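The structures come next, written out as structure tokens.
What follows is a pair of complexes built around chain A, which joins chain B in one and chain C in the other.
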Partner chain A sequence: MYRLLAVVLLCVAWAAAALASGENDTPIGASTVSLNGIARGTVCKEGDPVDWWKVYIEGPTEIVVFLDGVGGDNDQYFYSHSLDLLAQSTGSGADEVVFGGVSGGWYYIKVYRYSSGCSDYYLGVLSADVSGYLWGAEDIDIYRIYMSAGTTYWIFLTDHSATFNPDLFLATSEHVIARSNSTGNVDVIKYMPSVSGYYYIAVGSASGSGDYWLFVGSR
Partner chain B sequence: MDRKRAFYVVFGLALVLGLAAWAQAGGLESLLQSIRALLGEGGGQTFLDFAPTGEKALETSAPQELPEIGGGAAAPGATLLSAVKAALSEKGVSTIEQAFLLPPKEVGPVGNEFQEALED
Partner chain C sequence: MRRWMGVSLSLLPLLFLLYGCTLLQERPLTVNGYWQGGIQGGAEEASRSVQLHLLQNGTDVTGWVKFISGYSFSIWPITSGTFDPEARTLSIEATNPEDQGEVYSFVGTVSRYSMSGEGTYTDGDREEGFTWSVQRGEGYADLNGPWEGEISGGDFEADLQFDLAQTVKRLEGWINVKTESTMVVLTISSGEVDQEKKLVTIIARGTPSPAKEESYTFTGTLLLINGEWKRMLGTCHFSSNETEEDLIWSATKVSKGQEIE
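Then we have the complex of A and B:
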């Protein structure tokens, strides 16, 4: 009788621990984030340093996987369905991003709390909304987008060329609100408009020609 | 009698917690995936709003429509084009610093960018 009670109590302790840590601490228990969806989670150095997520992508496409965290240092790792590491983002801040082309299927994402304390985060997996080509320096493509007040928008611009350097702009019909002029192959603007309405996303070549991909996520 | 009652109480608690852990680990996800697949077969736009599971909430968002200027869309006007051109060449617009773009703490086996080989 006492042996049975001990087993039952062990089961209780396991279940309680699993629920407390959010359960998605291994690839098998990975939570699902939908493509073009933005999920929310929390990692803590003590007790719950790792969250695993999985996403299903139907076919070949360009994607951006981003982690928008609060405070400290988070890292992000991106894996194939067979858990081969495809990309990692280990900057010293709470925000991370990986990007590139996938063939489709299931993919896994690991969020890791590098520094002490806890961090709430948003995790987004976006497929390209549009792709385009810029013909040399100062060529500009402009897109119109309706943005709602109080909603957070993440706008990413990627390319795969070492000689092409596109910059990303967010503007009203008259002036530029924000820009990202990273010299790497990814640019990003995060913005929450205070007024609903149409805005413009501009992609301009600072140097070179090439293909680019544009992604917009919102929450 | 008390020992028996304690056993049933503990066993019931274990059963409830076990079921909750199973649902969070994958049981509910399987169901949701099945529903999503069925919705996808209809070819229509799906808007799903998942209930929070513990601290982690899942949401989908509608895809953005980004019509390129031209072909009937309202033109932004010469003012915007000149503003963007000026910003592009003169770097006159302040950049919003983004922690997304910080360099890695240490060199890893792979970087931020990937290109998966397409299957034949």
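Then we have the complex of A and C:
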């Protein structure tokens, strides 16, 4: 019995190692990440600079595709099923995000290691948990969420307006734990609670009014 | 002690003035680097693209001139060249490596980001004049990411998508050849960018059906768009189990925002 288990574990380890060393180097060999799932991978400038992923999205929805990498410079590209580029995030850091509305079907994601060395990363594709509208700078919406200790949460807030600037807050019933007040169209908070319980996500307008979308992923 | 501090403080504006003046000193004008533009008039064609790679050593200038016409190009070494930084004038001669009688001479004035002037072309028998102008481009060609373009030849016509991952001069990735009815994904088996000459060579293979293997050998030159190496074009040798063909191709680097379109 133990021998069988050892063989199974060995096969799993081998499969994981094969994937890390570049099995998903092209769209044909793309690994699958499920919608609202968060996958792990590694890219290395020498030997394995590219990982391809694909995701199936059942119908029209708002999504964020995020890359949470460690060290150096990673880039992320988002493609249609026919491999037309739809969005890219190629900043100078290891974290990247693209966002917006999709009509559904298969989509491809390329993770590219731009700088030298290797980077472990999380790749997540989240559909919007909630959408809302803020009526100007005084307006604020508050949502309650249960969060488990030791789990990492990624909370994204997006909008599509050049004049609307919503901000994102995470709080307990007593105080604000984290905030994101980016002036762009994406805000993000990454948080791992040490205590399980209910927390509050607040979305407030720093300026303007408009639609927003809120996404929560965890692993 | 306090008096010395006072003296030191009183000297600060002077130091700032001197240091500031050093900062404001203009960098010396050089012609080093890559330039691209066009020549108008002259031999055979009314207008053609030209690229220069200039290496300045004192007043001597070496390097090459690349002439690009349609999907073909040729590189001519600079056989004599001088740059006078005081007068801001450049004079170079480039000779056809396959026919030493063919010579292009360029004479012009130089500014930091552009050069222009007049020139002559001779094939040994006749001489023709032309005007030229070029703009400065960046030194390093970053080909990483997606490119879109076309490939054609004879009755064949298809859209091209390159997706390149570059490690200094090595290119990896895939190429998508899309017609109205078919889509073949090719894997790059060997790819290289010549950073000095700004040339690309890519060999890609695919199997559109189990019994059919296809091979594409792309050779081309990079072109500057707004100072960046964002376009490439050239010829492609296609071969499969059934046929061989020479094609032409071009592609432009694609750039999108973070918001999904």
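Note that the second predicted complex is superposed on the first by the 198 of 219 C-alpha atoms of A that agree within 3 Å, B and C clash if a C-alpha of one lies under 4 Å from a C-alpha of the other, contacts with A are read in each partner's own complex, and residues count from 1 in each chain.
By our rule, contacts are C-beta pairs under 8 Å (C-beta built on N, C-alpha and C of every residue); 3 or more make two chains touch, one makes a residue touch a chain.
Not measured: the values here are computed from a predicted model.
Asks: When the two structures are laid over each other on chain A, do chain B and chain C clash or fit?
Replies: clash
Asks: For A:Phe78, select first, second, both or neither according to whether it touches chain B, chain C, the two together, or no partner.
Replies: A:Phe78 sits against chain B and chain C alike.
Asks: After superposition on the shared chain, which partner residues are touched by A:Leu86: those of chain B (first), chain C (second), both, or neither?
Replies: So A:Leu86 meets both chain B and chain C here.
Asks: Scan A:Thr61 for contacts with chain B and chain C and give back first, second, both or neither.
Replies: In the superposition, A:Thr61 contacts neither chain B nor chain C.
Asks: Of the two partner chains, chain B (first) and chain C (second), which one does A:Ala202 touch, if any: first, second, both, or neither?
Replies: first
Asks: According to the stated criteria, A:Thr32 is in contact with first (chain B), second (chain C), both, or neither; which is it?
Replies: The first partner, chain B, only.
Asks: Which partner does A:Thr152 reach: the first (chain B), the second (chain C), both, or neither?
Replies: So A:Thr152 meets neither chain B nor chain C here.
Asks: Once chain A of both complexes is superposed, is A:Ser115 in touch with chain B (first), chain C (second), both, or neither?
Replies: After superposing on A, A:Ser115 lies clear of both chain B and chain C.
Asks: Is A:Val216 contacted by the first partner chain B, the second partner chain C, both or neither?
Replies: Touch partner of A:Val216: chain B, not chain C.
Asks: If you stack the two complexes on chain A, which partner ends up touching A:Val188: first (chain B), second (chain C), both, or neither?
Replies: The first partner, chain B, only.
Asks: By residue count, which of the two partners contacts chain A more extensively, chain B or chain C?
Replies: More residues of chain A are touched by B.
Asks: On chain A, what residues does chain B touch that chain C touches as well?
Replies: After superposing on chain A, chain A residues 28, 78, 85-90, 97-102, 114, 160, 185-186 contact both chain B and chain C.
Asks: Help me check something: in the complex, which residues belonging to chain C touch chain A?
Replies: Spelled out, the residues of chain C in touch with chain A are 144-146, 161, 163, 165, 167, 172-174, 176, 178, 183, 185, 187, 254-261.
Asks: Which part of chain A faces chain B closely enough to touch in the complex?
Replies: 1, 4-5, 8-9, 11-12, 14-16, 18-19, 22-24, 28-29, 31-34, 36-42, 51, 56, 60, 66, 68, 73, 78, 80, 85-103, 114, 129-130, 132, 138, 140-145, 160, 167, 169, 171-176, 178-182, 184-190, 198, 200-202, 204-206, 214, 216-219
Asks: Tell me, which parts of chain B touch chain A in their complex?
Replies: Those in contact with chain A are residues 3, 6-7, 10-11, 13-14, 17-18, 20-21, 24-26, 29, 32-33, 36, 48, 53-61, 63-69, 73-74, 76-77, 79-81, 83-85, 87-89, 91, 93-96, 98-106, 108-119.
Asks: For chain A, which residues count as touching chain C in their complex?
Replies: 25-28, 45-46, 49-50, 63, 75, 77-78, 82-90, 97-102, 110, 112, 114, 160, 185-186
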